[in-house]
Every structure is written in C-alpha cells, then in structure tokens.
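Okay, got some structures for you below.
Shared between the two complexes below is chain A, which pairs with chain B and chain C, respectively.
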Partner chain A sequence: MKKTIKLMAGVGAISVMMASAAFADHTVKVGVIAPFSGPFAIWGKQFKEAVEVYVAQNGETAGGHTVEFIYKDSGGPNPSGTKSLAQELIIGEKVDYLGGLVFTPNALSVASLIDEAQIPTVIFNAATSSIVLQSEYFVRTSFSLWQVSVPMAEWAWEQGIKTVVISVTDYGPGNDAQVAFTTAFEALGGEVLDAIGMPLSTTDFAPFMQRIKDQSPDAVFAFLPAGPPTFAFVKSYNENGMKDAGITFLGTGETDETTLEALGDAAIGLTTAYHYSAAHVSDLNQAFTSKLDEMFPGSVANLASVGAYDGAHILYQMIAAVGSDRTKAVDVVRGYEWESPRGPVSLDPDTRHITQNVYIRRVAKDENGNLINEEFQTIEAVPDLGLL
Partner chain B sequence: MAVLSGILIDGLSYGMILFMVSVGLSVTMGLMRVINLAHGGFALLGGATAHWLTTNTDLGYYFSVILAVLATMIFAIAMEKIFYRKIYKFTELQQVLATIGITFLMIASVNFLLGSTILPIRSPEFFSSSVDLGFRTLPVHRIVVIIAGMAIALGLYILLDKTRFGIQLRAAVDNRNMASSLGINTARVYALSFALGAGLAAFGGILGAELLPIDAYYPLRYMVLFLVVVAVGGLGSIAGSFFAAIGLGIIDTAARYIVPEYGTIFFFIAMILVLLLRPQGLLGKK
Partner chain C sequence: MQETQIKPAENLAQTAAPARSRKFLIKLLIDLALIGVGIAAYFIFPDNLGFITRILIMIILVLSLDLVLGYAGVATLGHAALFGAGAYGAGLFAVYFSADPLLGLLVGAIVGAIIAFISGLFLMRAHGLTLLMLTIAVAQILQEIINKERAITGGSDGLLGIDMDPIFGIYAFDFFGKTGYLYALTVLVIVFFALKILVASPFGAMAKGIHESAPRMRAIGTPVYWRLVGIYTISGFIAGIAGAVSAQVTELVSLEAFGFALSAEAMVMLILGGLGRLYGAIIGTVIFMVVHHTAASIDPFNWLFVIGTMVLIVVYFVPEGFMGLPVKLRRWLRWQK
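And then the complex of A and B:
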C-alpha cells in the first residue's frame, strides 16, 4: 500500500514537471470518464453529445490552446475501475484535466489521485453533497439532492400541504433526499407521517401505494434511481388512483426527459423541483437544444446534457486562463458567474459546487404534442444546502 | 384485515406476472432440459418488437402483440435450427456459456437499434384505469395479467398432458432415440416446443412490461427472477412454476407490506428453504 502511494506521488510529481515544461500553445487534453456501455450507457452518450455541441458552438480552442477530449468507458458503479482509468489518463495520455463521473463511488475513488497529480476535475453528475469536500481539485456542475429536495419541501408547504409520506429507494441518494426533505418540511411545521425505504430491487410498487394511501397524506415525496424503477413507480402512482385520493406527487428527477415519453400522458400534471428542464425558456437553451437536435437527430437534452455542457464551459474557462499550468486552474473559476442553458449560475467560491436556480415544474404538453417539464416557479440562486 | 387482503391481492397479481415472465423458461429449461439463459432475450425481442409496432405503426395494441409474439417464434425456429440443435448436445456448463453469449448478442442488437432507454409498449387506455373492488382499487392491467396467466396455465396443461403433441414431447425428452425409432419426428417436436417457449417468453415480456419495463438490459436485470421461479417450481412442471410464482409473489409482497427495510431477503430465504428440503423443486420429479 505504502509503495503504491509513493509510486503515485512520484508519478504525480513527474507529470507536474512535464506539464509546466510544456509550451503555452500545446494541445490541452481532457479525460472524460463515464459509462459508454452497459445499462448506464445513456449517460456517456448524453455527456459526449453535449460536449460536442459545446465545441461546435465555441470552437476547438480555448484562449489559444487546442482542447482535446478523450473519452473512457467506466461501465456502471465501479470505483476501482474508474480509478485505474483515471491513472491511465493521467500517466498514459498525459491529460491535464478530468471530467465526467456519473456515480458517487466512482467520483470518490479519484479524489486522492487528483490531489496528488493536481488534476482539476469537473464532475458532470455524481450528486452526493460531500464529494466536493474530498479534494480541492473537484468542481461540480450538476446538482445535489439537498439542493432540489429542500425547495420542493418549501413549495409544498406554501401550497398548503401539511402532511407528507416520503417514499424513497433505500440507497445513498434516496436517503439524502429523505433527510433533506424531512429537515426542511418539519422546520416549517409540516408533518412527515411515514418514511418508507423501498428496496433497490423492487419491481412491484403496489404495496407501497397501498401503505401510502392508508395514511391519507396530502402528498407523497418520492425519489428513485432513473430508469425502470422510476417508470414503474410513477405508473403505479397513476394506476392506483392516488391522484383521485387527493395525494399530490412531489418529486425531483423522476420526469427526466429521456424517460418522460415512456411514461406517456399519464405523467401530465406531475410536480417536480429540479435545476434543468429541456423546455427552459431562454435563447441560450434554445440554441443548445436546437444544435443538439441538428447534430444528433432524435436526442433530447436532460440533466446529464446540461451538466456536461456547463462542465465543458468551465473546462474552457480554466484552459483559457491557465492552459496546462493547471495547479491554479480551480482558483480561476471560484466564484465564477455565467449563463447556462438552465439559467444564471455561479460556482460557490468555497465548495466549488454550482449555485443555481431551482424550478418547480409540472409535466405538460407543448404545441407539438410532446411531453415537457414546464417551469412555473423559480427559487433563485440555491447553493448546495447539504454543505451548509 | 385490510393488510391481509392487500397482501393476498397484490401478491396474487405480482405472482401471476412472475409466472407469465417465467413460463416460457419452464418449457425450454424445464421440459426440454436446455439451460436457456437467453429466455429473457426472447422476452426482450418480443417486447422490443411490440414497442416498435405500437409506437411506429397504426396496427393497434392487440394486433401488434400477436405479430410480435409470432415474429419472436419465427426467429426462435431459425435460432433452433442454426444454434440450439447443437446446444442440446452440450454439457450443462457449455449450455450456460452458449446461451449467455446469445443473450449478449440480443442485448447489443437491441441497444444498437433502439437505444438503452425504456421501450414503452403503448397499451389501450383502459389498461391504465383502475377497478374499484369495494375495499380497494386494482389496476385493469393486473386483472388482464391474472386472466391471461390462468388461461396460459390451463392451456399448457391441456397441450402437454392431453394432446398428441404433449405426449410426443414428453416421449422425446425422456428418450429421444426411442421416440425417434417409434416414428416421432423429434426434430420437429423440439423445434415447435422451443418456438412455444420463446413465444411464451415474448408474450410474458409484453404483458409483464407494466411492472418489469422492457429495455435493452432486460434479460440480465431479471434473469435471477426467472431462474428462481423455475427452480423452486421444479424442472419440467408447469404447475410447479405456477404455484412457485404465486407463492413467491405473495411472500415478496407481504415483506414489502410489513418490513420493507429487509428488502427482498424473504424471497430468497423462501427459495433456499424450498431447495434445501426439496432440491428437485416443489413439483419436480427426481
């Protein structure tokens, strides 16, 4: 173990020397680690497409440096594999920056490595609050569950919702969402009647719907991993007459653009709090989504796309300012403010996590008959409340 | 009382979905004795075809489902002629490796053609409505699944126990050479049975999709579920799979009602207990 650390430190030192000896106008390489195969391949696809749209719009150079993106496939949650990919990128490909990272354990696994090699790393997704505290080289352009769950609780209270049953998948992010919502909702005087931790492998949600219904709360707050579980849960909510029983659905990312069409018309009216909707009304978002559609017909923008698009923007800012002299790169973007397709955002100077608007949305049909997340209320400039 | 009736009703409907998605495997692995890990692959192909037909054509749900099941069966006959003929003669481990390889090919093909997101099957509007049973409501598609499951169980019982084809199949499985020398066209019997298994897989995949949504990784995601139902039920016994699915469905549902924090542990404890006491499964022959 000790040997490995020494070796890594040595490697880190060498790569730093090589980097500072390099010329100012050489190509700056960015390694992007994400799943490109397996059940989570959609993440890698969304990342890559968004980065390519950013490059198409802003050119291949940042402040005179040519930027080259190198993509590596991490598969699913796989900390040891991710760490060796990062090592390979730093030592073999001699990248100066890293990006991507979908799962929390994967992001955590590179923390010590990027500290030693001094590699600024922009997290496009991995959303557990504490990750950014593990290394000063982490910058995050996604969101955290605290960031969206607390505004959801506050909005629910304003609507006159007094009692809630929380129903979350029993794993890290689910627990984060539960604690965040409970803390905020109880502080306002609301009552959480029950908190159900649903097993990760659940396929039939009917029993939970019955349990929720029996307690007749004003609303149910849910969080589940994207994909089949979310799909089955929302279907179950609709089919068990929850809406008719007067139980409002409160969620966060359940109506993600890539699963929204699959949910069909039954999804109309579902309320969620989130940081990005592909239907966000702004010129920049319009430019982003139409370019995405032009370059990759049939693709829809979602949270992964905007995380990667803003991630590319931050990488460009750092590269334009310092090139491959990366040790100072993170300091350049502390407190940096810009406009994202999701709205006005900034990087918190201390936590290096994105401060952003959180939107309350409901699922509706646009003029072409497509399902969208329609934003109707904005909570401005929310930091990662889980880090306060 | 409300909890008990809830457990029974939800357990029965969940169990029926488990039966529907595994009955095809009960035919190929249970009756034909080929360890067909590609079972979920056939369910995926049926589901993906039904998805494509219901979203890209105006054929309507029922016609699309029939077409998807038939297409899967025709594909299965081709697969049987090219690959499975040889796979029957493999040892068990070779069968596992060969069929898991086929599964990966199927996953990659669907992933390549339709992507890795959920492939929803547009069902008629009334499937998503719910029926009021007085003390609680039940979604219509659950009732459809319960009826379809009963019909399939009954139909298979008649087909395998009462018809000439059933006798020929059982004879061919028990002693292929003897059956063959008695004039039974065993190659044809095998091909038809395999197509039947694949067709049932496709039908189960489509009907079960309300709970176990179809996506490219479907075969791997739910493989354990199918195998447990068939193993607990006993190889070669359709009735065994039926009772195993209902029993496991009720146990899993009860656990979710009463102690959700323990996850699916009771499902697997039940499996371990049954297999410890009866290694051949509930109704399996030794």
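And then the complex of A and C:
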C-alpha cells in the first residue's frame, strides 16, 4: 500500500515536472505590481480590468507564447516592499517582464534590480520624468506632468490669459506641474503672480481660494492628486465664486473619470489639458470602453486604464517579437507607433516614454446626462518635455 | 509571579546556582536555535530573501520599540521618526559622503540616537495622550522637513542614488538579496544579544521599575526623567540601525520611512507577540509579516480582512500576545480537568 502511494506520488511529481517543462517553452510570465489594497486600491483595480479587457480582445497568446499575468499588491508608496516583491517575481516566479507601478518611489526602487536581471519593465503610471533615465529597461505608457502642463500654459496664453496663480499640492508631481507651467508660461510672456504649495492632506481650501482671489489673476492653474483633495478643491472653487470673479480654472487630471460624477454639475465648464478622456471619439476607444463596461459593469475608463491597456499592448509586442529572450525586447519597441484608445501614440526611441496627443478638454454633459471630459482642441505628438 | 509559585521552596537555597545555569543553558540553546532558523531560511527560501530581509529589519525596529514601550512603558506612536532618521541618515551619507555599508550603519544609528535624544528631552516630560500625540508630531515634522528639502533629499520621489559598496570591500549586494539577507541577519543577531544583556542588567531592571511605578523609583533616588531620555536614546540608536539597513538593502529611502502606518504596524506586531519580551518582538513580527505576505499573495485584493481578524482574535483572547499563549493554554487545560 505504502509503495503504491509512493509510486503514485512519484509519477505525479514527474508528470507535473514534465508539464511545467512543456509549458516553459510557450508561457511568458509578466509580474504586475500595483496597489490592490488600502486607499489606493482603485489603481490596481483599473490596471487589472484594463489588462483583462486587452487579453479578452487580443487573446491570451502573443506570437505563439501564452502570456500569464501575475498580480502583486504593493499597497501605497512603499519602495522596500515593492523591491522585494519584484525580487520574488523575478527569482521565484521567474517572470520575464514587469508592469504596473503607480508611485514614483516604487518605480525607482526596482531600477537597479531590473538593470541587473535584465527585465523589461513597463510603467503603467509613475509619472515623474526622471524615472525612465534610471534604467534602460524602463518603458512608460502613462504621461508626465511636463507633458500636460506645458500645453495647458500655451493654450491659456492663446486665450488671452496674462496672469496666473499656481496652486499645487506640495509633493513631487505637484512640484513638477508648477515648474513646467511656470517655465512655459513665462517664456511666452505671461506672469505667474504666486505659487501656492498646499499640504498633501488638507481638504479645506477656502483660505487658499481667498489668497488666490485677493490677487485677482486671469486664471488659477491647479494640480492635486485624484480623489478627495481634487473634489474638495473644485467644490471650494465653485463655492467661493471664483468663476464669477473672472478667474478661469486650468487643470490637468483634476476631472478624472472615476470622481467626475461626484463633482456634479458644478464641474461643468472646467478646462483641463490631459492625454486621455474616456469620451475620446474613436472606434478603438469605443471598443475599449464598451468591452470594459460589458466585462466589469459600472467601471469607467480613466488614465490608469489606458496606461495599463497600452502597457499590455507593448508587453504583447515585445513578447511576440522575442518571447522570453527579453534582453532585446526593449529595442523592439523603441520608436514603435500604434493606435491607442487615447489616439495615435509612439514610444520615443531614446527616452522610451510615450509620445502622445494632449487634448484640451472641458467638462460637459453627454446625451445621457453623464458628465464627460469633452475634447475640443488637440496638440499633436507631445513628447515628455521634462526630459528635453 | 508564576515562577515563584512553581519553584519549590527547598530548591532556592542549595540548587539555585545549578538551576540558574541550566536555565541559562536552555535559553542559550533557544537563541542558537533561532539563529539556526535564520540561517536555514537562507537555504530553504532562496526565492523570498528580499521579503525575509524585510522581516529581519522589522524585527530590529520592533525590538527597539519593545525597549521603550514594553520595558519602560513609554507609549509611542512615532517610532518611525527614529527609523526614518536612521534611514535618511545612512542614505544621505551614502549619496554624499561614503558608500561603505558599515560606516553608513554607524551613521544611521547615531542619527537615530541624536533625534531620539533631542525629541526625548521634551517627549519624556509628557505622559499619556499628550505623549502619544507628541510622538506622532515629531515623526510628521521630520517627514515634512525631508519633503521640503527636495533638492537634497529627493522629496516625495524618494532619495535616489544610494549605491552601496561591498561589505568589507568583498561582499557586494546582489539582486538575489543574498548579501543583504546575511548582512541584516548578522546585524539582528548582534542587536538582539546586546539588548538581552541590556535588559538583564541593572539598567534593564531600572527600566522595568519605572514602568511599574515611576514615583517609587523616584523615591529610591532614580532620576526618572534622565533615565527615560537615556532609554529613548538607546532605542533611537537601534531604530536607526533598522532604518540604515533598510536604506542600504533597498537602495532607496522614501518619506514613508516616517509614516504613521509604519509606527502603528510596529506597535501591532509588538502587541501581537507580547510586550516586554524580546522573543515577543521576534514572534509577533514574523507572524504578522508572514500572514500578511501569504494572505496578500493568495488574494491581493481582500487580504486585509485576514490580518484584521487575526489581530482582533489575538487581542481579544490572548491580550498578552503570542508569548502569553503557553500560560493561557496551561491554565485552560487545568480548568478543563
């Protein structure tokens, strides 16, 4: 009896080994590191849904290789945790590619690792310009604050806006947005009256509104992280009668699709410059958003979704071309051009950052009465201006 | 309390010395076994060295918290201030001065101790809720200073450019995390034995005395305030070591090193394991982090439930933490009879 069990166990073990050996030829693993728990869990959710939509539309294979996505939860900004997750994915799970990465410190923490292990890594979000310079294995499909803030400054100047007060959250991306906007706006001849750094955790913006109002600028340029701060800022902008005081709202991602409905009708008319709107008019975007809605009812596409969707596309391109022979994978996609749900895009051959259209949008109501970011002007093929 | 009950009276006079030496031997064996577990983990989990290294670092931090909270009874929710000080101390030292790991470790420890001493000067005058709030405030002030000095510290992007030299010029930090693991393990073993000696010394007894009754200690002539500042400074030294190792192994430090979440998690781990016991700090940290890690890799979306439930059960049924479990079980078995 004992012998039989042993024999069976042995046969079982061998067949499992054979199966995994047979698999090794065809399966390419991709590790996706993102927040799936805690206050930032929405990012992981958006990433995963978008990747699954891409897989549903394009099949589970790329160039004969089955692609397997493995998700790991990084929580919030947590570089040491992210690095050890990446280590486990590379050494333990034997992944050939990495993806995801929402926060700048998390992305930076894997730079030396992916260099050493030669793992092409597609950043779905982390937007600080300098990240891609830290490793030749980084490819980024999101955006950078420079990329969207400079077009905003230029558009504002064209509208006859001469004076601006900048009001940003006092952290990395906020600082990036402020420097980018100031540089572009002053180069054109505009005047930045004041730059206010607001604390990351505050949701009471009335004092800032008063300070802005006292200087009576033509416009206020704001950058805040998506979520409660944005919501409270826009609400405060409306309640303090800024619009009536003739102060135009200029922003970037403040009217994110996932929080737009919560802003309500007060948001109508807000102008922002950004790389993606869920209401972008194209067949591909239509296919993407309707498939997303079909697979995950109630989900809306936003910047995280499109970053992950295009990230999956880039991963598929690399895998189709080289499979798990990943050392040459990044070279395959340098300068690669494709059609994304956000419009025509390409990867810069040097910086490996996405070059894309930036759209000037205003919040409006669609035919169903839902709030959308309506694109009305396009600045074509903007590279990451922070890296020039 | 229990020990005096169990020990028969006739044992005390004649056999006290051999009994004590036997006890010492058993304890030594337990410690050696623990080190053995640490070394065995290196061979058993070659894929997870990065994660286990984080456990080791966390144990060092929780040990330093145990000294303050468990032994001296000073409630603090800002221990990350000292961890972060060590991490940024070692990180900035590596970026701007020297990438030698051991020198950096010393710098991190000293920075942790200095911050602990300065903040301790006013923290140790406060008690209760005031003290809790002040400890949180210290961590937040430090975090904001680092955030504002973006040009030097990288602000919220994190401190970039830490590239450690090999240890002793021989053992380079590799991407498998082997060197990092053995380095952290060695540091932990040294810290653990140093703390063992410390808590068994008259100084340690004094700390426990302050915990039990500060007025009595004052009455027998202990300068309670200065002793507490001293304990807090030593704790800062050790928390600084934890921060420094973390900075060196991760090669990046971010503002989260000062985060409230870190302080709170360290406290939960300590309470899980058992306050006022060095082994409690080890067991609590290992169990918390392993459960966290396993639950998060099985279900990266809903694992928080598992952690929450575990903490709830332990705090409710075994308030002394896992270290109190044997006594609880014994009592329960006796009750069953």
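Going forward, the second predicted complex is superposed on the first by the 363 of 388 C-alpha atoms of A that agree within 3 Å, B and C clash if a C-alpha of one lies under 4 Å from a C-alpha of the other, contacts with A are read in each partner's own complex, and residues count from 1 in each chain.
As a working rule, a residue touches a chain if its C-beta (ideal position, glycine included) is under 8 Å from a C-beta of that chain, and two chains touch if they have at least 3 such contacts.
Every value quoted in this text rests on a predicted model; they were computed, and no experiment measured them.
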item	value
Which superposed partner A:Phe208 touches (first chain B, second chain C, both, neither)	first
Chain B versus chain C as contact partner of A:Thr271, first or second or both or neither	neither
A:Ile91 touches, of chain B and chain C: first, second, both or neither?	second
Chain B versus chain C as contact partner of A:Ala262, first or second or both or neither	first
Which of chain B and chain C A:Glu116 touches, first, second, both or neither	second
Which of chain B and chain C A:Lys72 touches, first, second, both or neither	second
Partner chain in contact with A:Ile196 - chain B first, chain C second, else both or neither	first
Chain B versus chain C as contact partner of A:Phe36, first or second or both or neither	second
Touching partner for A:Gly81 - first (chain B), second (chain C), both, neither	second
Overlap of chain C and chain B interfaces on chain A (superposed complexes)	38, 41, 170
Chain C to chain A touching residues, read off their complex	46-51, 53-54, 57, 147, 150, 155-158, 160, 163, 174-177, 246, 249-256, 261, 296-297, 300-304
Of all residues in chain B, those that touch chain A in their complex	2, 6-7, 10, 13-14, 17, 111, 115-120, 122, 128-130, 136-137, 139, 141-142, 210-213, 215-217, 220-222, 225, 252-253, 256-257, 260-264
Chain A residues within the chain B interface of the complex	38-42, 45, 170, 196-204, 206-208, 210-211, 214, 227-228, 231-232, 235, 238-241, 258-259, 261-264, 266
Complex contact set, residues of chain A against chain C	36-38, 41, 44, 71-73, 76-81, 83-88, 90-92, 104-105, 108-109, 112-113, 116-117, 128, 130, 134, 170-172, 175
